[in-house]
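Letters A, B, C and D mark the chains in the order given here, with residues in each chain numbered from 1 onward.
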């Protein structure tokens, strides 16, 4: 059995709780996601455990359903951007030469186009579905992941043990996945944690551009925005989803930290 | 050695310029693809079809795209960015004011946040898995995961409304003293710092931890160096390239991505400027702004690449 | 004379966490005691993995990785440093006690110039000013026989040869003028002539400053020259502890006797037979960005089933030759023919079969293994890659190889950082053997091994040669090894081959100057030899 | 005949001086000083500061004479004579003449014009000047011309702004001193201004604050003296802050959903009625406007218009009727897609969500599709068959109907083409008897209410926030911020 430190345990429990809530949303949520059941911004009560939102929908139910979209979309986009970005970057470094040059500059190029223009152009030529949303988010983030992964891999690629593997005649996949990746893991895992947060926030940004999540469905960032006006008047409807995002972020990163401490240790973790 | 460096840097600069050229093409194409057009956007609901047609003709939207691209590029090379379709203002002039503001804000935020993030990162490594590390992580993660505008509202509410320490709107006037400018950007800087801190701090922490088990760290420890010196002077140089990349990413964000903070604090920067003109489909301005943003990205990315190579002697002097 | 170091009943353990399975504790050192006075040298010898490095580090109250000092006392100048606070330890380390690491290659910070690293202790402990420290360093570089002592400090660690790096490490330890230096195999990578310089420099430092030293080595002849007392270790236990003279001349224990006795690996020189398996024809090479050739018109031949030994001083280009043959460093001119076919300059164009048949064992074992792969993965990979062995078949072969290099199966699940220097070296050997190559380039493969294990390895190599006809390009500085294994010998000096021929011919007079120097520098296992040689050389140079 | 009356000057005694700051939503860095291009709130308010029109519509719906001293029409209502005020100076020192008026009108009515007022100039046959009288001849009679010429775009500029339309030179009480579109606009008192009852501040400035919360905070922290568009959700809470009053004014603006009556399934009257009946208007006013508004009746007209017919029965929320009509429509049950963005109006998504819920209760498969705010007006509105929209209303019913409901209307966003309706509109326009006209307008309203493609759940109110320091506030239903005259008509106590 692996001993899990308390902090990682907390992280795991909270993350798991959010995941489960998302998974079983229809079973748990007391009301429907778009159902108007009360007054505007009702305070917390036994009927509405977290109160109601700006037009009288049950906040708890919206949070539970919203978690679904948020976690699913953010997770899918993060995984996409991560695997693609890392593999591309590591391969570029390992293959080197003009492949590396061309790919890296191409990524720089894509990165230099303002996201807003990018998103709007995509929006205008593609149907707006969750899949497109995930693709757009993931692909935009690939550039960021790529640059980081490349920077890390570049330093590792010149190590003697990588040279030894080349000398053995190993192909690119082996060098990428077995020689470099394990040694690049900890900055990558840290970045993964961050990227997940950015994705959670990014979903709501894109939703407001009209891409993706359609009402009455919601995502947590979106619920924050829907209720943002109340914040300075002490109405918690916006703070609750913000709190959920923060706790999810912290939990995911607590887990990432734990993975990190296992990957940084040259002794296989302790 | 310095020769190698000069060659590398000049190569990268040349490439950067080439990239910029490619970026202009993409931006131009992008602005052509964007649905909707300026005439409609300017006049909105109160316009008539004739008025629209008139405006369109006035704005030269009927010429072929290729001609427009080359004449635009030619003029841009001479520093002439043209005039805005929407309000007829000289773009170079109105951008320069906005750009100054943006760079000023970005610089202030960078000066505060980058050293702070790296310092906190080092501190987190120093007290790894102990409470200072956990505190730093939890707080920065919490601030980064809260949408920017909420941070903005909270800071604004406490600092400006409750305590009345600072003005709630960061409006800058041309005749402002430097001190007043600092005062104006104080709150945006606080918020931006919160926003960018975590990413840089976490990467510093992770990248350094990744090299902390190397044998040379042991050597440093056996030299009796202080924990902090070991981290800062021995681990850091070997972890620099991911850190630099993340720092550059955040710098780029500070220059091109602070729309929300600009809006909340009413700061006249580039972000809002771009958004306004995109939504009005004011193509020349979008192109000019896109050009500047692309230049910023390319410059920062190139810098990151160069630093990464300079920081690693094995890349600089391959075997 | 006052007591500098006093160790009582030292026990050291390690916490091992295998990638699969439960963690467990092992004991590495089982209660060792010894004393060291100011100005004296205690030699620690013993087989690879006996715990020498671990004990050496305990003089700085330091445990590596999962290693922890579990019991006993270590007094430095009368105070028990195991009870010291971390702050006090920091004042001690790098100032009162310094350490010369066994693996110089990994121990230098790759991102910092050598000079900064050498002077750092002085500066950080406020011992002297930067310029003074640099002066000290340059003086040390010169004494240690490093080339370009004034400017070598401006290089980065990867830009100097293995032996040079090791000497810089010694300079780094001596620079702050400590009370006690722990030398962990400081001359393993050095040719005999250079070794004399280093030993002389160490002796001088001891004489001038009264520094005490713990000298860890497996080379009895060396330890005989420098140490006043010797402790013999085996499996973390003291086997024998006494004056140098007594241990060398009248060893009491069987294990010590075995160590002291001469080596047995021997083989008669074979005559040139078939067509050469490797033919190096007039190659020159240089490192990118530098302006002089490290290899200058080198031509050599190696026949199947034979061994070509390359000897030469540190920095003469031996490893560079190996890199060029393997294709890691493209030659500027010349031809390399392997098994009758011309070898392409770059690695990417060589066939998998070529690559398999030509294996290289790196000089610096610790940097040549991926720190995040277990030993089982490291040795198993060539089996899988070249022969497609999987599962139990592969495991079986891995175990066989482990047996051959005298490592138990408990090491299979360990990571490289959890091995001793010699153990890592052996793993690298096993990795090369796994490929069943035709030719192995062995770059200082036995230098980190104690005579007994080294002997075993040499026997293994010779045996393979006999059965499978493997050829070796054997880079070494150890002339004893050369004598026992080589058929042909090439002597390199400053990038050129200065003497080349069958063993019998190269090692018999008349000698050229350099070979003469080389042969006369082989340490002998008698005390006072070093002084004699030094005195003799001084006289000679005065005579000139 | 002379229409309307000069509006009486404010009763209280104004105090001169001070620096007044407005924090306004609705400004972009693309804004121009060219009156022709003014479209959002900030340019509108800026325009009101430096420019003036011939007339203003008074808060009570009457006319106020500004640069025109008097107006006379021929009896057939086809020719209108405007006597231009003399001695009025432009900011550049020149005197304003009837010639400037003519040029201005020509610039806005020119075929090549890009003016937002082009539509209302359409009925003009010819214009001329004689001495200080500016004459307009119409193609058909219209009793509403003075109202049309009160349009805020029609600011009189030297030589009609032909030389430099964006120079910002007018006859207004304030001169523009700084113009940073999307950020701020600075003004100082124009010393030679002709009307002493307006323009009490020495200087004033407009700061563009597009974020609702930031705007509220700026007022609360005393950085600005007045703000527009207080978010209805928080207006009550916000109004509790000390030193701030919330000023609400009912206007003619309405938050609507528009259906194209010529596109299936909306070409089916029963379906349209089903949708109309399934809107819970009270709830919407309560939840989206937080009570700051009034229910709509599926016509664009409310009691803020002159000649409003209050006898048209109010459509009620009636799920049974909705269900009945839905079944009668024979709709196949496929989702009816309503396209929405908050760009249409603040709270559009919320309103749509409420609509969806109540429609669902009636068994109508309404589905909401969120559209990007960017490009909403050009890509969605007036293109998609069912979308959210906002109409600010017009000065008079004729103008409103002409703009959007006439078969030939420029912005017929419901594709409502009804010959009877067109007939009635022309009839009303030429009718000079107010009672008869009111009757005709009533018929048109009923027609639209039954047949039209407009679902008008609510009329919004202007909610402005004003610091207690500011005196002289008066409600004005024509537009927010006292029809943009807040800087001209108020003063510091």
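Quick note on the criterion: a contact is a pair of C-beta atoms (placed from the backbone, for glycine too) under 8 Å apart; a residue touches a chain by one contact, two chains touch by 3 or more.
Computed from a predicted model, the values in this text were never measured in an experiment.
More C-beta pairs in contact connect the chains of A-B than those of the other pair, out of A-C and A-B. Centroid to centroid, with C-alpha atoms defining each point, subunit A and subunit C lie 48 Å apart. Centre-to-centre separation between subunit C and subunit D, using Cα means, comes to 88 Å. One inter-chain figure worth recording: subunit A and subunit B are separated by 21 Å, centre to centre, where each centre is the mean of the chain's CA atoms. Taking each chain's centre as the mean of its C-alpha atoms, subunit B lies 50 Å from subunit C. Contacts with at least two other chains are made by residues 120, 183, 228, 231-232, 266 of subunit A. Residues of subunit C found to touch two or more other chains are 65, 328, 371, 417. Among all residues of subunit B, those that touch two or more other chains are 35, 149, 153, 157, 161, 213, 238, 278, 312, 314, 318-319. Applying the touch definition to all chain combinations yields A-B, A-C, A-D, B-C, B-D. For subunit B in complex with subunit C, the residues that touch the partner chain are 1, 4, 213-216, 218-226, 229, 234, 237-238, 240, 311-314, 317-319. Interface residues of subunit B facing subunit D in the complex, by the touch rule stated above, are 35-37, 39-51, 54-55, 58, 84, 86-89, 94, 97-98, 149, 152-153, 156-157, 160-161, 164, 167-169, 171, 173, 263-266, 268, 272-273, 276-280, 282, 285. Across the complex, subunit A meets subunit D through its residues 34-36, 40-41, 54-57, 120, 123, 207-211, 213-216, 226, 228-233. Listing the residues of subunit C that touch subunit B in their complex gives 57, 60, 62, 64-65, 89-95, 98-99, 101, 103, 106-112, 117, 120-121, 124-125, 156, 158-159, 287-289, 323, 328-329, 366, 371, 417.
Listed in rising order, the residues of subunit B touching subunit A in the complex are 15, 19-20, 22-23, 26-27, 30-31, 33-35, 129, 134, 137-138, 141-142, 144-147, 149-150, 153-154, 157, 161, 198-199, 202-203, 205-207, 209-210, 212-213, 238-239, 241-242, 244-246, 249, 256-257, 274-275, 278, 286, 289-290, 293-295, 297-298, 301-302, 304-305, 308, 312, 314-315, 318-319.
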